[in-house]
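Presented sequentially are two complexes of subunit A, the first with subunit B as partner and the second with subunit C.
Up next is the complex of A and B:
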């Protein structure tokens, strides 16, 4: 279910100069914020949790998931170069799984590592806040990458839809409508993170079993569906 | 020996019929798929290559369906019309990647690059390539696994004459080796130079099929229309109509010109300047008024 050549091509497309810059922008901002907050207000567990929860997990991780997930396949489908992958005796689900693994790895690298660093800078992992949010970022990376990879196979406007989901659904509705929180990757990831923390600074509205089930279903379902989409992907001519 | 069978294939997009009930068999050798822009050539090639499902009918390669069948690509090489490739790779990296996806190594890639004579630029980024160079690297990527069927969509677009000749030689060689090579083009001369067998598509329909010379004759023997202006239109008209190569002449007063319909192309083109000279008439304008490919093709469809 993994093809090293597809992986190499995907990595190189994702980590090209421009995209790598976009991917690095939010993590850099997070680190700058962490340094500034620590310098101005000293180590404060609540502030650390607020910044990591409110910015890192709620905004940075989904946006990086959108860029990596849709970027792993969307541009290739858009410009038609995916034909060079499809015109090969390689199973389409293998192509999708490989691209998913790459998207997950890139999302994790650009979201979990900066989250851990920022947490360490903010309060030196007091109450295990840094580790908890890093775990949440790792877990969320998997689900986001799968969802946005699927989006990349379905629509040309994957980035727009992805951002709408990440910013409007997760951030806006999630904070206003209670039911929306049950259907939020962020809350599922927090449920896992909650298990890791010993304090009560990391909490989720969703129970751990529900979160794990939903994470698994969404990730597996999105991956399977993306594989199906790719099997019947129509590369219409230019006529 | 590889044979591609297109059996009563139609394809529509919403209300638009792009390909209309086409049946053809493409065997070994070079076949040209000829038709004006928008005739449905790309749609048909996409169906042949397994990238588009026929709305009705079937496309099979030696009896095996091509749609939703990845294993078929062991036997098919595809050169798409679209420009996009992995521009951030070098030519060599691109062809090696294509070889690896076929389970082959760098050796196969190197051989393919040598076949298209692109070794000299193989370490440059594809983004720096000219259109002809891109076309040749695409070609190399389609040849790495030595496919028995090669599908090329408008391969000569944007190539300069020398590159065109090289690619034609290469395709001819592939055909002579017994491979099944099908290329599409909207340019008559390209097809004429390369393919003995042609399939003509007009407005989604299969208009003609077979030996190029027969179809070419149909094309040149069709009535030609000319718009002619001269120093003495009526004298010229009288002299021309006396010859059997001219079927009809209209004096277009508004345009101040003659509209001539010629039935014997070769004879008429020799006759016109001679008649003008003999009568001391100066020819001011001689322009064919229906030389567009579309009119040639629509004549073919009617024939």
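Up next is the complex of A and C:
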């Protein structure tokens, strides 16, 4: 289920040339912000939880997930070069799995590590806050990468729809409508993080069993469906 | 057959007329004429580019699929205004639930998504399919292309942000609210969204003119618009809690939507959405205004630089 050549090509598509630099702009901003906040207000658990929850997990992780998830397959489908890949004797589900693994790895590297660093800078992992949000970022990376990879195979406007989900559904509706939070990757990841750290500052609106089941179903379902989608891929012309 | 004939004729031809080959191939006059109608010229080309780009920003003249997103975002912008108006008319309220100037700030996520989706489609595809050199083979120049694209996206954004205000205004008049009050608020709102349209269009175009990849452009624009807002509002909230309220207005200089918020708070009678309502004073407002105008001029300059040499 893993093809090293496909993986190498995907890594190069995601991180090649100057793209790694652009991707690391967001994590760099988070670190700068953490340093500034620490200097401004000193070590404060609540502030640390607000910054990591409000900025790192709610904004940065989904955006990196969108870029890595859709970027792993979207551009290839867009410019039609995916046919050269599909023409090779590699199973389509294998292609999806490989691209998913790469997307997850990239999302984790660019979201979880900076979250941990920012947490350590903010309050030196007091009350396990840094670890909790790092776990949440790791868990969320998997689900986001799978979802957005699926979007990349379904539509040419994957980035827009991914951002609509991340920014409008999770951030806007999630804060207004109680029920929308049950269907939010962010809350599922927080449920796992809550269990891992037993803290009071990291809370989720979703119970742990629900969260784990939904996470597994979404990740596995999205991956399977993306594989199916790739088997019957139709290359549309430029609109 | 052909070979035989040729072979038989060849010596005779060579003997009689050495120049016969030239007579065999001749240019027939098939009626080509030079164009002597009116030349529509540079201004016409610029106007066409403007109107095509403006139509394209709402998917008009493009496939049905590409109409979905801009129209959907346009509807999402207008529906809350219509609901507010309906509520105001039904309940005989004395005032609209939101001020004209607040509307764009509340709906900023939708506006950002619109810029992010339409700015790259306006310029990135020209770069990717290398059509920019074709534009410049017409009698337009870099400045015309940049101005047409800039103006088109600004107009599209202005339509997106001003139509809900018109809905609010008409509704307010139908609900028989105070005419002078509403007109003043409406005018202030229009000035503010005009500034917002210019600023957002400039930022969106500069970012998406860098990359020929549409998807990457979208992500980059949205990242710049929302991440900067997220970062600024987090730091502002913390500064507010730490009771260093003097820093709150200065921090607002670092993201586009807080810049607009600051300008309209200082000059257009808006209520600031900053944490604790600590909007900028008039003096700080001047700095805000200079920042906004500087950013608009700067993005125009950067676009001119970007298109000075393209695709060669």
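Here, the second predicted complex is superposed on the first by the 233 of 239 C-alpha atoms of A that agree within 3 Å, B and C clash if a C-alpha of one lies under 4 Å from a C-alpha of the other, contacts with A are read in each partner's own complex, and residues count from 1 in each chain.
Criterion: a contact is a pair of C-beta atoms (placed from the backbone, for glycine too) under 8 Å apart; a residue touches a chain by one contact, two chains touch by 3 or more.
Only a predicted model underlies this, so the values are computations on that prediction, with no experimental measurement involved.
Contacts of A:43 after superposition: neither subunit B nor subunit C is touched. When the shared chain is aligned, subunit C comes close enough to touch A:26, but subunit B does not. In the superposition on chain A, A:171 contacts subunit C only, with no contact to subunit B. Once the two complexes are overlaid on the shared chain, A:66 sits against subunit C while remaining clear of subunit B.
Of the two partner chains placed around the shared chain by superposition, neither subunit B nor subunit C is touched by A:1.
In the superposed pair of complexes, A:217 makes contact with neither subunit B nor subunit C.
Contacts of A:16 after superposition on the shared chain: subunit B is touched, whereas subunit C is not. Across the two superposed structures, the residue set of subunit A contacted by subunit B and also by subunit C is 238-239. Taken together, the subunit B residues at the contact with subunit A in this complex read 13, 18, 37-43, 45-46, 49-53, 68, 70-74, 76-78, 80-82, 84-86, 88-89, 97-98, 100-103, 141, 153. Subunit A makes touch with subunit C in their complex at residues 19, 22, 25-26, 29, 33, 36-37, 40-41, 47, 50-51, 54-55, 59-60, 63, 66-67, 70-71, 74-75, 78, 157-160, 163-164, 167-168, 171-172, 238-239.
Remark: subunit A residues 3-6, 8-9, 12-13, 16, 79-81, 83-92, 231-239 touch subunit B in the complex. The touching residues of subunit C, counted against subunit A in their complex, run 62-63, 65-66, 69, 109-110, 112-113, 116-117, 125, 129, 213-216, 218-220, 222-223, 226-227, 230-231, 234-235, 237-239, 241-242, 244.
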